[in-house]
Amino acid sequence: MAEFPKIVSADPKGVLTGRHFMDGDHALAEGALAAGCRFFAGYPITPSTETAERFAERCPEVGGLFIQMEDEIASITANVGAVWGGKKVMTVTSGPGFSLMMETFGLAAMMEVPMVIADVQRGGPSTGLPTLTAQQDMMQVRWGSHGDYRIIALVPDSPQECFDLAVEAFNLSEIYRVPVFIMTDETVGHMHEKVVIPPAEEIKVVERNWYTGPKEEYRPYKFDGKHGAPMVKAGDGYRFHSTGLTHDERGYPALTAEDNKKLLTHLIQKIDNNADKIIRVEESGLEDADIVVVSYGITSRIAIRAVQVAREQGLKVGFLRLITVWPFCENKIRELAGRVKAIVVPELNYGQIVLEVERAAAGKCKVISVNSCGGAVHDPEEILTAIMEGAK
Amino acid sequence: MSELSPTPEYSLDDNAFREQNPMAEFLRMERMPHIWCPGCGIGTVVTSFAEAIKAGGYDMDKIAVVSGIGCTGRVAGYVKFDSFHTTHGRAIPFATGLKLANPELKVVVISGDGDLTSIGGNHLIHAARRNMDMTVICVNNFTYGMTGGQVTPTTPTSANASTTPYGNTEPAFSLPFLVDAAGATYVARWTSLHARNITKSIGEAMKHRGFSFIEVISPCTTLYQRRNRLGDGVSAMEYYREDGEIQHGADTRTVDIGYQGKIAMGKFVDRPRDTYLDAVVKHLTSVIGDDYELYGKTPMEKKAEEEARKSAAGKGESADICEDGC
Amino acid sequence: MWEIKFSGFGGQGIVRCALITGKAVALYDDKYATMTQSFGPEARGGACQSQLIISGSRVLYPYCTSAGVLVALSQEAYDTYEPGLADGGILIIEEELVKPKANSSRVKLYPIGATRIAEAVGNRLFANLVVLGFFSAITGAASADAMKKALPGLVPDRFLKANLQAFDKGFEHGLATASQTNGAAQ
């Protein structure tokens, strides 16, 4: 088999090398362009629209194509089509649009399509708080489409990380043939900070795992629980089939429980078995911690402030930021739960990822949720209070 | 092969079959027999499609077929092209992405009336409005076949369906009128009795640049015919023969179909207009200049090509490289 | 660390002020800057505000908790945001548009006739740059040099010169004011 994953330098055409004062939404678009994304079907929704606008503006310069579709269902589906047409693709949305895209996320998982979707989260349910921040779609991204499947979800905490994680999201999606989600939020999306875009040769991009073997032997799927089969695109002469139905490795419908087991086990194992390679966290002070604050995205920036104050007061507080939320770092949490008094989980929702923390901690330590209805970031005091409670 | 799960259908030796069956070139014989009921009209459409491709002399590697969900939606699984069986209603947006990502493809959507005009109705009108370069073949059997004969937006008023057990009270969409009004640039309608006309229309539609739409009135023998006591497939053919009327160029406002009423057929619309992509490329070239290139080659590709050209020149022959990146 | 709030009504260039200052600090003064802004209909007409946090180390909390500087270019903005200004904080107002409370000794008040000065430069539209020059001189939160470097790309090319001029006018006025009031507030 050909070298895998094939890592190359970014195509300089898409890379806006330099130092910029940029918001998270723009940085997402730049990250996608740097990663080689050249197709973007989108639909406007606050607070994600700036990404689509940026991509539309930059397209002619990089020879890419942006199309505004009639709704989010169309935009996500056109992106799946465009992957089979050979392109790297991305779209962005927020709550209401994210809900509309759910069915096609399942199709993308089933067809094992590499693609990147960013959800710039706003307050919900329904139309909710269009212009205000939240982290309320963290479970939806994991479970929102029907059926059993796996996805990868990354959460940036700054515009710089929007750029960096966009590139990483594309790379992961190509390696595992899976939709990868960037679960950012209104605050990070609209926040301006310095974003450094490195020279193209320093940006490592994973190329699509193109099939190179003999035509007759081509199979669009390989249920190996690892990375799946190499891909081809429509028009290359393979005359292959792909379906949202349960299928065999030829891509043909195969509708027995046994067929389903082969397929599903693969979809799940290719992520679960590689979780250690996929998961990234940022940590500090975990070695001798009595209490650990587990957070992600914008909330982790607020949390650090609380952690700093608590440390100044002499408490041994560790900090764990989930850069990858899905797959969930359950081994890490399990290990921590065995030796700390409490884990504090602040989130801009009414307690979502805390459920995973509780599951992994399995009663071995206190788990304290610092939930919120969204609309604004936490007051660091709230997190501090929870840390104090954990220390008792 | 041994790792593959056995398909429920029996499989035949491909080579032997090709000699016997002229369709083996176009159909996935290993997937036969198909799932359609006896007398169902979908098979006719598939045959006509294959005939049209045979007659058209296309590069078969460059044809892609996209279906939604339904009995008709299964077509994609049986045709031997790059083919995609998507989700209910979403064949057109999928096809849009496929075509835009790889413009050299001839993209054909084959799906049912419920799929294309009910759940997918919004996509249908917008693809027509954009004049997205694709051919859409709608098998209109006036019902949701796959799910057991429910009412659709094309079910004639007063017809019986499983969800309108006392008769349908809603007016039906007249599809040629709908897509014409939305901007389709090629519109035709036939019944499944008129296989040769379908073949011809498919050929024309595939040669047409832009959004082409062919409606094929077709019997769902098991559900629509039976529930409305309209007899079997043969009775449907009799109805089509008696009430099908060729009206090429008819004003699409006049071609609606009442319950067991006249069926106006023919080519209603055929007019030139820039496709979505033509318009984009033309406009951006005028705004940005001649160096605008959709999906322009990457520096790496350009370098590789340069090298290929040099090495070919070294051999004393000119490299055969297509200028527009195909 | 600086917690700065720019406020006024939509169309006055409030967000632009914060963008220019943030860019100046982050790219040319080599400090950390995080800028957020009000979104939605208000940014297109009504009251509008933008916040900028400047720090020598990475900014964690992205919003003002107790603003040290408030720039208020409308009465409504002043009325809304003045109470959030820390005691002893710097309050910069457009003197023709904002009438401060009778007793405003809680904060350090710096009025400027920015619109009038901008008109002298050629167009009242440059008033926000006059304010920025003034702000830079009074606070020292962002250097004049960095602010000027930040302008290209954030103001239309054809008005770059006029904007620079407006900035300089504001800056000079700020230096003069600061020397009267016992040096820069820094």
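Just so it is clear, A, B and C label the chains in written order, and each chain counts residues from 1 on its own.
Note that in this section a contact is a pair of C-beta atoms (placed from the backbone, for glycine too) under 8 Å apart; a residue touches a chain by one contact, two chains touch by 3 or more.
All values derive from a computational prediction rather than experimental measurement.
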Hey, how would you classify the chain contact layout here, line, ring, star, complete or other? line
Per CA centroids, the chain at the heart of the structure shown is A
If you tally the C-beta contacts for A-B and for A-C, which one comes out higher? A-B
Chain centres from averaged Cα atoms put chain B and chain C apart, in whole Å, by 60
In whole angstrom, the CA-centroid distance of chain A from chain C equals 37
Two or more partner chains touched - positions in chain C: none
Taking the touch rule as given, give the residues of chain B at its contact with chain A in the complex, in rising order. 3-5, 7-8, 28, 31, 60-62, 64, 66, 69, 76-77, 80-87, 89-90, 92-102, 104-105, 122-123, 126, 276, 280, 284, 287-288, 292-296, 298-300
Tell me, which parts of chain A touch chain B in their complex? 8, 11-13, 38-39, 41, 60, 62-65, 67, 69-71, 73-75, 77-87, 89, 103-104, 107, 233-245, 248-250, 252-256, 258-259, 262
Residues of chain C defined as touching chain A within the complex: 18-19, 22-23, 26-27, 32-37, 39-40, 59-63, 150
Chain A to chain C touching residues, read off their complex: 19-21, 46-47, 130-131, 186-187, 190-194, 298, 301-302, 304-305, 377, 380
